[in-house]
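Right after this note come the structures.
What follows is subunit A paired twice: with subunit B in the first complex and subunit C in the second.
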Partner chain A sequence: MSIFQSALPFLANGLSLGLSIALVALAMALIWRVVGMIDFGLGAVYLVSAYALLGLHTELGFSLPLAILGALACGIAAAILIYGLVYRHFISRNAPLFVMVLVGLSLFLAGENLLGAALSSQKFYVIDAQLPGVDVLGTRLNVAQLGKMAVSLAALAGIAYFCLRTAPGTMILAVADNKRLALGVGIYVDHAYVWTFGLAGLMVSAAAIPDVAESGVDPYVALNPVLLALAAIIIGGLGSFRAPVLGAVLLGLAFHLAVWLFPASWQEVIAYGLVVVVLIARPQGLFGALHAARERA
Partner chain B sequence: MAYLIDVLTLTAILAIAVHGYMLIKGLGGMLHLGHAVFYGIGAYASAIMSTTLLPPGYFLVAVMAGALAAGLGALLIGWPALQERARYFMIVTFSLQLIFVTLVINLGFTGGPDGLSSIPRMSFGPWQPNRHWSLDLGLAAIGYPEIKLLVVLGFAALSYWFCSRIVHSPYGRLIRAVRDDERVAEAYGRDAMRARLSILLIGAAVTGMAGGLFAHHFNYVGPSQFGLDLTMLMLAMLILGGQYSLAGATFGAMLMVGLLEALRFVLDDGLGVPFHMIAHLRQAIFSIILILILALRPRGLFPETLARYRRPAAMPRPERLTRRDRAMEPPGGGEILKAGGLIKHFGGLAAVDGAGLSLRPALIVAIIGSNGAGKTTVFNLLSGFERADAGEAHLGAVSLLGRRPAEIARLGVARTFQDVRIWARLTVIENILVSRRHQPGENPARLFLSPRRVASAERSNLEAAWVVLERFGLAEKANQLGSDVSYAQRKMLALARVCAFDPTVLLLDEPTSGVDPRRLDVFLDHIRAFAKADQRAVCLIEHNMTVVRELADWVMYMDGGRVLASGTPTDVLGDDVLMRRYLGHRDPVVA
Partner chain C sequence: MTAQLFGLWRRAAVVGLMLGNLLLASPLPAAAAGDVRIGICQSTAQGPATFSTALWKGAELALADVNAHGGIGGHPLRPVPVDVGNNDPAQARLSLNKAIDLDKITSLVCWGTNVMVQNGPLIDDADILAFTTSSGTKVVKASKLTQQLEAVTSLYCKVAAAEIKRQYPAVKTFAVLYVNYEFGIELRDKCEEEFGKKGIRLVASEGHPNAPPDLRSQLTKLIDAKPDAIYLAPIGGGTVALGIRTARELGYKGLLTTYGAGDTPDIYTLKLAEDNFFYVSHATPPGAPEAVKTATEQYGGYTLMGYEYVWLVARLGNEVLKNGQKLSGNALVAQLRKDRDIQTPVNRYVFQDDGYTIRPLAIFTIEHGARKLQHVLSASDLE
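Entry: the complex of A and B
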């Protein structure tokens, strides 16, 4: 077997992971550019849609497509609620970035632990049967993995279309570009924020649902996607929509190729080590300059 | 009772770690999200020392090794992470926090996922207690846990004293100035990066010491003990108590542990919640408490304590400062600063395009010109805040270009800023105190090694500061925060501060802009005194032609990054063509 062939499964898995992270990364990048905060609360949103899928499908007996729609709706609602009930208070008082980061992290940890207390740390599976799959270039990809890639690509295209072609999308971009000016020309910034968080909720749910369908759900399932998404925007940069997506794909590949080259237990060290190296060598990210709408640091 | 002693011991250890956090986050203002890493490094280093390297009885050495290792870790993290990029510090420390646990699991000498067990108890030389050791005092017997608590309390008291000495010293004042505005600290000759790195190192070492105590208290260290949860818990303690106050950090730790223990009691004994849920619920509830504190009382329970200075009863007469500490004496009457051919491009735009100037002691040079003419950029080049693309600038025989702002300031070139930039969270008198040079108390080692020298230098520093405040009419406001005084007073404070620095050359960027015309004379008198009484070389950027006429001995007119004309005020301001170009088609306004 050639080196290429032995690396192939890792490449495929890396790409699949990368595209999935790309959705969360894009949600995080959008919130950073519009609202000016690093939102770890997206982890809580991820958990809400993951457990919503589980609950709707296995407990309430909804069909899978219906449960997926329900989980998407729950994710969007959770993101908007978190903004309305928690973040709005801090944003209106011009809380510094550090405080916003702490609030988001605390929400995430609270969500994780409340679920851990209520439902135990046990892993539940949404789909019990083994997933069907296809062989691609000598490596087997299951439906969830393929679906994940397709969903990610479709969602990324959809987001780009939404932001560039629709009125609320343009409003979000205007606020991201210059909040004061947007206020001045009569854009209601609060509305733009609600749209932003809703959109971010949708993206995170779109990442969570195929993930959960593939590998089940436990309270810690959101940790890696959210932290890797943060790493992806650091590696990719925030210059454009493309940058965090490229960063995520690169990170996904690095994450899985690391397993090919090193023992699996070093995976996280390598991923976050890459973050530290990028921060020190090229803090604006690999694919663009840091251009925050409103940097709170 | 045994449980209570155990909880108290852990509280005291955590309080020490939070003291370290207070130094880094509260005093130093660094957005630090990896505190458990320093605690963990200290715990592991100390545990390894005690289990493998040291014979029994060297508990104190092992704890100090923990402090040293954490300090070293801070140096390794801080050196790259604080270079010009302190803004990414939060993400770097957060990433390191995420790496730490995995790293520890993967390394051999840390015991991998199992951690290190059988760490010996605290022992001092020949006193090496076993589990059943006890000392009969007649009425009661003291066992090992009580002794351990006493030792840890001793360490906590020591840590409080040590950190308090740091916070309330000239060094602590400098760190607060850097926290407020590091660029200005550099303009006053201080190395901001070194200041940041030093406080990070000290804070980490204090935390590492706590880690060492923890290892010997718990007799086991493992990777899961030093995760993000612990960092968040310490942050919650710090923020609850008040991140700018040492007392706050201490009470925050006590209060938080009390709260969590009460919660455990209510959940376990009161409500009968199953055991496996309690840990999760405690975590969830303290996360929610943190959000509530941040929402309701973001500054915590204890505010920052600011030293209040008493005005001396017999004030020395507000005369001009003596000039003994001058870094460089101006050559008699000749040029002290000469610059020429300065060029600076921003992208395609030439902000400065061949400008130059020459400054002499006791002479006031005014630079005039419309916005965007390159005046402030010339100041930035001369003071090292921007790097020139070409040109030369000399102070006496010393070349200025290519040097860092702090170096240039130490050579004797001081500047003020157009947007005032006083240290807003220092009091007025502290603004002056920080600005003065040659303070032995700014070196943290000297605080402890030669405290008398530090105290006597601080006394004379304080005396001189009161003289400056009197001279600039700010003595009444001495103990008010910089952010609490009026705009004109802040402008005046900027002048007072630069005077306290006692420079050879003064670059004043629009020193009177926005000042009430009725108070203008006072400002003019002070600026005139800088040159005529103190014999300094003064260069000012000014838009007010009255000020230029009143003050300047020499006027330079800049446009498009070049000096288009220079001469006496009468020559330049009297040149109708120039003035039309500068002011549009109006006649020069002499208000």
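Entry: the complex of A and C
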């Protein structure tokens, strides 16, 4: 087997991981661009969707397609509720960025530990069987992975279309570009934020559902996607919606190719080392500009 | 305005001081006089959570029995949870200090190589008897008052290797997927040694972080080395199930095996575990109390350990008091080492002076949503 052939399975899995991270990265990037905060609370949204899928399918006996729809709806609702009940209070008082980050992080960590204490830390599986899959580039990708990849690409196209061609989307873009001017022309910033968090909730749920179908649910499943999404944003940048997606793909490839080249114990060292290198060499990200923290009116 | 604000703050401070005094003066809930407190490590972190629940449930059953028969010297036993986080030695130290200083525990059952090694001196200074369910061989070296309740890594690997030689003679090579933590590295090394003695060669090994979300890259690399068997060596939690699922999804058809980390309900109910998989863990002998057998089926193999820990502490404590000594870690350990060969209601143990323990182990497979005992190796078989 040639060296290139031996790398192919890692390339395929890396691409799959990257596109999976891309959804959460896109959600974080959207909130960053519009609201001006890094939202770790998306981890709590991820958990809500994950447990909703588990509960609807295995406990209440809903069919898988219905349970998926239900989980998506729960994710959207959770994201909007978190904004309405928690973030809005701080945003309206012009809370600094570090406070917003702490609030989101606290929500996420509290949610994790609440689930562990109130339910169980045990991992539960939504699908108790081997997932069907196809052989791709010397490895086998299952339907959950293929689904994640397809949804990521659709989300990228969808978010661009939504923002450029629909009324709520242009409202979001207007607020992202210049909140004061948007206010001045009569745009309800609060409505734009609700749409933003709703969209982010949808994307995070779309990431959580196949993840959970593949790897099961426990209170700690959201930590990795959130951290990797943040790393993807740093690597890719925020200049366009493509940037965090490309950053996520690069990160996914780094994770898997690191194992191809080195012992797996170096995997995270190399992948997060890439983040540090990018931060030093190109702090605005490889594919775009990382804007400084926004000042709110 | 400033004067008004100052006045407001002053009033708040006075009220606060009054409330504080009231709280301090009011009687805090005190430990019942004469209780004998025993520590049981607990965790809500994914890896240890499942077996710590099993330990607690087993302990509760034994506590009910022991207290119904007078506890230790007429004093009831009370359990004290000691939170170790995600096998975090620093977290464990904080919790241990509280359990020792405030709750006055006389004994402890805990796990985690790093937790036990780094807190070994604390255990000795506090003069408490510690049983450990960690398989790391370094644990008992860090403390004079710590005794294994679990089989050490070398014993687990020896038993697995013997079973593979006996039952799966076509297996000539193996790979190890281990948690990249002292315990996992030791398990990898000991298995290489013990499997090697049976002519089974290690062809690949890869590490993973604790509670990994994904094992595809590691397993892709291991499977590429074409091992006849893969030994899964995580800390516990959902990693064994994830390893089995991922290996099978990547097309691996060979033998999968692990140690007691596979003895949890999520493995019992995993259909993929019913094919070409076995693990080495603790059997529930037919003569064990029914309640213990039922709880073990529900919570997993570590239920037995929780039961036996309490039973052992009660037995040793009663003997120490009968000899006219005070309950202390040193006295309890001396008694343990003197008794050495102990038959509990469940198992026979041989407690060695070096802190290691010969204990029964068993081979299990999974069938129809439950663990199936294949055969038992008694302490005599393993001595």
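Heads up, the rule we're going with is that the second predicted complex is superposed on the first by the 291 of 297 C-alpha atoms of A that agree within 3 Å, B and C clash if a C-alpha of one lies under 4 Å from a C-alpha of the other, contacts with A are read in each partner's own complex, and residues count from 1 in each chain.
Here is the rule we use: contacts are C-beta pairs under 8 Å (C-beta built on N, C-alpha and C of every residue); 3 or more make two chains touch, one makes a residue touch a chain.
Since we're looking at a predicted model, the values are computed, not measured.
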Which partner does A:240 reach: the first (subunit B), the second (subunit C), both, or neither? neither
In the overlay, answer first, second, both or neither for which of subunit B and subunit C A:215 touches. second
So, does A:86 touch the first partner subunit B, the second partner subunit C, both, or neither? first
Considering only touches as defined above, state whether A:58 meets subunit B (first), subunit C (second), both or neither. neither
With both complexes overlaid on chain A, does A:227 touch subunit B (first), subunit C (second), both or neither? first
First (subunit B), second (subunit C), both or neither: which does A:265 touch? both
May I ask you to decide whether A:103 touches subunit B, subunit C, both, or neither, giving the answer as first, second, both or neither? first
First (subunit B), second (subunit C), both or neither: which does A:116 touch? both
Looking at the overlay, does A:273 come into contact with subunit B only (first), subunit C only (second), both, or neither? first
Could you pull out which residues of subunit A sit against subunit B in one structure and against subunit C in the other? 113, 116-117, 120, 263, 265, 267-268
Which part of subunit A faces subunit B closely enough to touch in the complex? 86, 89-90, 95, 97-99, 101-103, 105-107, 109-110, 113-114, 116-118, 120, 227, 230-231, 234, 263, 265-269, 272-273, 275-276, 279-280, 283, 297
Subunit A touches which residues of subunit C in the complex? 43-46, 49-50, 53, 180, 206-209, 211, 213-214, 216-218, 220-221, 224, 237-238, 241-242, 245, 248-251, 264-266, 269-272
Which residues of subunit A touch subunit C in their complex? 6, 9-10, 13, 17, 113, 116-117, 120-125, 128-131, 133, 139-140, 142, 211, 215-216, 218-221, 224-225, 255-256, 258-260, 263-265, 267-268
For the subunit B and subunit A complex, residues of the former touching the latter: 31, 33, 80-81, 85, 87-88, 90-92, 94-96, 98-99, 102-103, 105-106, 228-229, 232, 235, 239, 276-277, 280-281, 283-284, 287-288, 290-291, 294-295, 298
